[in-house]
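One chain, chain A, links the two complexes that follow: it is found with chain B in the first and with chain C in the second.
Coming up: the complex of A and B.
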C-alpha cells in the first residue's frame, strides 16, 4: 500500500489481485472492456464487495456517482486513478 | 401523443425528421436542437397542454439546482447537501402529490373510517420517468460528476420526445454529448436504416403481438375481477397471455423509442435483453427494464449496501466475503437492502397495494436467490459451472416466479390476484374441453375420478389461445431479440452480441429487406386496419 504515484498498469495489477480475492478465482484476467456480463458471479452484491475491497486497498472512498460510473474494468481503473491523483 | 397513433406516424415524426435533417444539412446546429425541443414540447402537451407547464417547472427546478451543485462541486469537490436535499425533496414532493396523494388519502380514509376527499389529480404522463432521470442528475451534480450543460441541452435531455413518456431512463452523461455530434452522410443513412428498422419492429411488437394477445388476457382478468373462480388451464392461459402482452407492449415501446431517437442520431441504452431467457431472478432484473434496474442499483441499492458494509467493516462485524457469510450479515447486507429497493421499485410502478405486493415479492425472490448462492458457496459447490439441467430448471423457476408476480402487476386488487393465483395452483380444479368427454367417455370417466371436469374454457377459446401463446413464446425463447438481430449496426449503447449464427443477424440484403418489409406492412396494417385504442401499458407509470 504505497502512497507513491502508481501507473495505470500498477493499478490494473493490484486490481487483478482484488478481483481474484473477491471472486475466489485466480484465473480471472482483467481487460478494460470486461463487465459484469463476463463474470457470472459479478452481481450487485459482489460489485459492492469489489468497491469496498478497492477502497480499503487503495485507502480511498468513492462517492455514489463514482460507483455508478464504474460499470466495466476500464472505468474501475479510471475511477481509482482519478482518486489517487488528488 | 402515442407513438403508435396515426398522427404521430404519418404527421409528427416525418415532419419533425424532415425539418431536423434540413436544418442539419445547412449547418444550423443550434436551431436544429431548438426545433427538436419545440417538437418535444408539442409532443408532450398534445393530450393536455397544462401538463407541459409541470414538466417545464420540474426541468427548471432541477436545472437551476443542478447547475448550482455543479459549480460548488467544481470548487470544493462536492456540492452543498442542503441544495441536494431541496432538489430531491422538490422532486419527491411533485411525484408524491401527483402520483400518491390519492392512494395515501384513500388508505387513511379506510384505516380511520374518514371520508376526506381531494380533487381527482390527473397523473402527468411520464412523471415517474423524468423524475428519476433528474434525481440521478442531481446526485451526479452534487458528487461533481456532471458537466456544465446549457439550458437548451438540459431541457432537451429531459423532454426529448422518443423517451419522455416511458423511458428508457437515460443519463445526462450518455445522451447530452450526442446532441452536438456531427454526422457524416454514411452515418446518417446507417442511423436511418437501423432507427427505422427498430422502430417498426417495436410497432409490430405493440400493435400485432401485444394487442393481439391481450384478447386472451383481458377477459380472464376481468372475469376474475368480477368474482369468477377459474380453473387451472384458464387461469394459466390468462397469466401467460398477460406476461407476453406486457413484455411485447413495453419492449415494443422501448424499441420504438430507441429507433425514433436513432433517426435523429441519438443512440440510447438497452432496456430489454431477452428477460425470459434469464436462468435466475438476479439475472432477470439485469435483462428486464434494465435502465430502471440501473437507476435503482446505482442510486438506492448501492448507497445502502455500501453504507452497511463500510460501517460493519469499521465495527469489525461479519461481512460477506468470497460469497460466504453469517446469517446476520446476510440479513443486513443482502435481505434488507434488496427488500427495501424492490419495495421502492414496486411503489414506483404505481400507487396501489398490488404494486407494493409486486415489488415485495421480487424483493423476496432476489433475497432467496442471493441466499441460495451463499448456501451453495458455503457447501463448496462451484457456482459458476451449472449443468444444462440446472440452467433449464433455473429458467423455468424464474419464469414461473415472474408470471406469478405479473398477476399482481395486472390485477385490479389483491383479492383478484389471489383468486387467479388460487386457480393457477389448482385451488379451483381442472376443467377440460367438452369434446373430450363426448369423444372419449371412458378416459373422461377415469379422469373424473381425479375431480377433472369437462366444462370447457368459457373465457378463452382454446385453439386461438394456444396459437397466440405458442407464437409469442416462440419469439421470446426461440429467436434473437431486436438488438441482437441488428447487432452488427450498434443499435444501442454498450456492447451487443449479434445474433448467432451470423445468418440470423440483419444485413442489408434482399431477403432481409423482404422480412423487414413484411414487419412494416403488418405493423402499419395493425395501426390502420385493426386500429385499436392506442395506449401503452407503461403510460400509467
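Coming up: the complex of A and C.
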C-alpha cells in the first residue's frame, strides 16, 4: 500500500478494516468521537492489538506517550496522519 | 519473510473463516476445518479471529472428538501473557491438541505454587508453564561482585526455581516447562560485559547455563526463549515501549511464532510430533533430474555452490536419522535411475540403507506416501513430506491433509533451515533406542521376507527365536514408557495418555501392576514394544483392572499379546486376584484391537458409552501357547 498522499478519509477507511479484523466484527462503523466505551471488546489488551496492527499496516511506530493518548478514533486517525506526513 | 514462512499462504483466510461460521457444519467438522486453516501462515490478527471461532466451537463440543487430545495447561507468568493466548491455542490446534488453559493471576506464581488450596491445584494441570522473565529474575548491576558472589546469586535463584519444579512434579503430578531468560540486548561495558561477574550480561548467561544444566537433571522441559529471541534477532524481539506501556514481553506481532514454538513442546509431551521424513529425489537430494541428466549431470557435493547446498541438506537429514527420525523416499522415476546415485555417486552422503521405505515409481505421490505409512505402520500425521515441486506438495496436501507438507524454498541452500525452523520433529526426551530406530524398521522388513520363505506361521515364529524380557516400570525405562504411552495409537486398548510425571507416580504406587516388555529375536533387538498398567478395580478388590495395554505394531502377529497375558495372569494370581477386567475404548485408529480381549479368551461383560468391558476368570485360565521365551524380572510381589 502506498504511504504517500493518503487523505484523512483514506486513513479512516483502512483503519475501519483493521477494526473489523481485530474485533472480528464487520459491522463496526468508525466515527471520530468513538471511544473504547462504544465497543465492548475494546479493552486494554485489544487496544495494544489495535496499535500494533495499525503500526504494521501503515509501517509506522508510535511513541510510548502516544499510545496512552489515543483515547478516541479521531485522535487515532490524527496520530496516524501526523506520522505519515513526516 | 513472515515468521512462519514454511506454512503455505492462504488465498483468503477471512473468507474461509466466515465460511466455517456460516456453513451448516457440526462442531467437530468446524474444528477440523479450523485446524486446516491454522496450518497456514497467518498473522496475529487472523489468529485472533481463529481463536474466537475456536472458543465458540469448544463450547458446543460434547466430549473430545475422535483423533483429538485435550491438554490442561496452567500458565504462571511474571508478565502479561493474555495477548499470546490466541496464538498458543491456535498453534496447539495445528497439532490436534485442544487446550484447556488456566492463567495464574499476574505475577503471583509463588503464592499459587506454595498454596495447595490455590486455584492452580484445583485445576489439576497436565503441564505447568512457568514464565519467569528476565525482568523478574532480580538481576541488577553489582559492579563489586566477585565470581563467587555471582555463583552464589545464581545458585540462590536456581534453588528457588527447583523448589517450584519439585512441587509441580510431586504434588501436581504435572510436567513443568520453564522458559529460559532472554538476555537483554543492553550493554554496560560493551564487549567487556562478559568479563564482569556483577554485570547483567554475565549474570544472565550464568543463569541460563544453570537452568539448562539443572533442567535435564530434574526432568524439567525448557522453553528456550533465549534461543528463540536470538533467532528473531534481539532488536526485533525487544519492544521496549510495549513493555513499559503494557508489561508485554513479547510483541503481538511475534505471537504466531511464540505460540508455534511452545505448541511443539506440548505436541511432544503428547507424542504428536512427526516421526518420519519422506523425501523426493530430483532437485531435493541432488540438483537436476537423474533420468535426464545422468550420473555426471546432477549437481551434488564439492565443486559448485548448488552441489554443496544439496550435500549440506543430506548431512542434516543424516543427522535427523541418527536421532531416530525414520527416512523414506518417494520419487517419480524409474527405480533403477532413482537408485543409481545411491549406488554409484561418490558424493552421496545418504545411503540406501538409511531409508526404511523406498517408493520410486510413477504412481501419484499421495498414493506412495500412503503406501509408506502402511509399510512402516505409522500414522499419516507423523509424516513430513519434503518435495521441491509445488504441484506434488499441493496434491499431497489435498489428498492427505494430515501429512505435514512444508513450503520448500526455491534455493536448496535454504532447505536445511526450512526443515529446522519448521520444528516438526520436536523431542522432549532422547532414549537410547531412538538412534537404532531405522535398523529396527529394516529388521522388520527382513523378518517379513523370512516369513515369506517359511511354509507356515508356526515354523516362522519358531525360527525367529524370540526372547522376551518383562519387568515392572523403573527409572531406566521411564522415558521410553512415556513415549509409547503417548505415541501408540493403533494397538492401544484405551489410548489413555500419561505424562512422565504421572508415570513416575504410578511406578512408585505399589497398588499398580506395571509391565514394560522388550523383545529380541535373531533379526535384531526390537527394544521396548509393549506396556501394561493395571490396578485393583474400584468396588471389587478381587478384580485386577487393565487401565492401559498397548503394543508397537512392529511386532504384530508374533504372539506377544499371549505371552504378556500369561505373565499378567501370573502376577495377578500371586497378588491374590481372581479376575482380570479389560476395557476397549474405540478411536478412529484402534479398530485393530476391537476384539483383542475376545481373542485372548475374555468374556464380554458390559458396554458403556461405546467402550466395551471384558472379564477373564483366573481360576479356569490356561496358559496360552507361544514361541517366545520369557524372562521376568519381578519386584517382590505382594
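The criterion applied here is as follows: the second predicted complex is superposed on the first by the 86 of 86 C-alpha atoms of A that agree within 3 Å, B and C clash if a C-alpha of one lies under 4 Å from a C-alpha of the other, contacts with A are read in each partner's own complex, and residues count from 1 in each chain.
Quick note on the criterion: a residue touches a chain if its C-beta (ideal position, glycine included) is under 8 Å from a C-beta of that chain, and two chains touch if they have at least 3 such contacts.
No experiment lies behind these values; they were computed from the predicted model shown.
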Contacts of A:48 with chain B and chain C, given as first, second, both or neither: both
Touching partner for A:56 - first (chain B), second (chain C), both, neither: both
Which of chain B and chain C A:24 touches, first, second, both or neither: both
More chain A residues in contact [chain B versus chain C]: B
Touching partner for A:69 - first (chain B), second (chain C), both, neither: first
Those residues of chain A which chain B touches in one complex and chain C touches in the other: 21-22, 24, 44-45, 48-49, 52, 56, 63-64, 67-68
Chain C partner contacts - residues on chain A that touch it in the complex: 18, 21-22, 24, 44-45, 48-49, 52-53, 56, 62-64, 67-68
Contacting residues of chain C [partner chain A, same complex]: 14, 43-46, 48-49, 52, 82-83, 241-242, 244-246, 248, 251-253
Contact footprint of chain A on chain B as seen in their complex: 77-78, 136, 139-140, 142-145, 173, 282, 286, 297-299, 301-303, 305-306, 309-310, 313, 319-323, 333-334, 370, 373, 383-384, 495
Chain A - residues contacting chain B, complex: 21-25, 33, 35-36, 40-41, 43-49, 51-52, 55-56, 63-69, 86
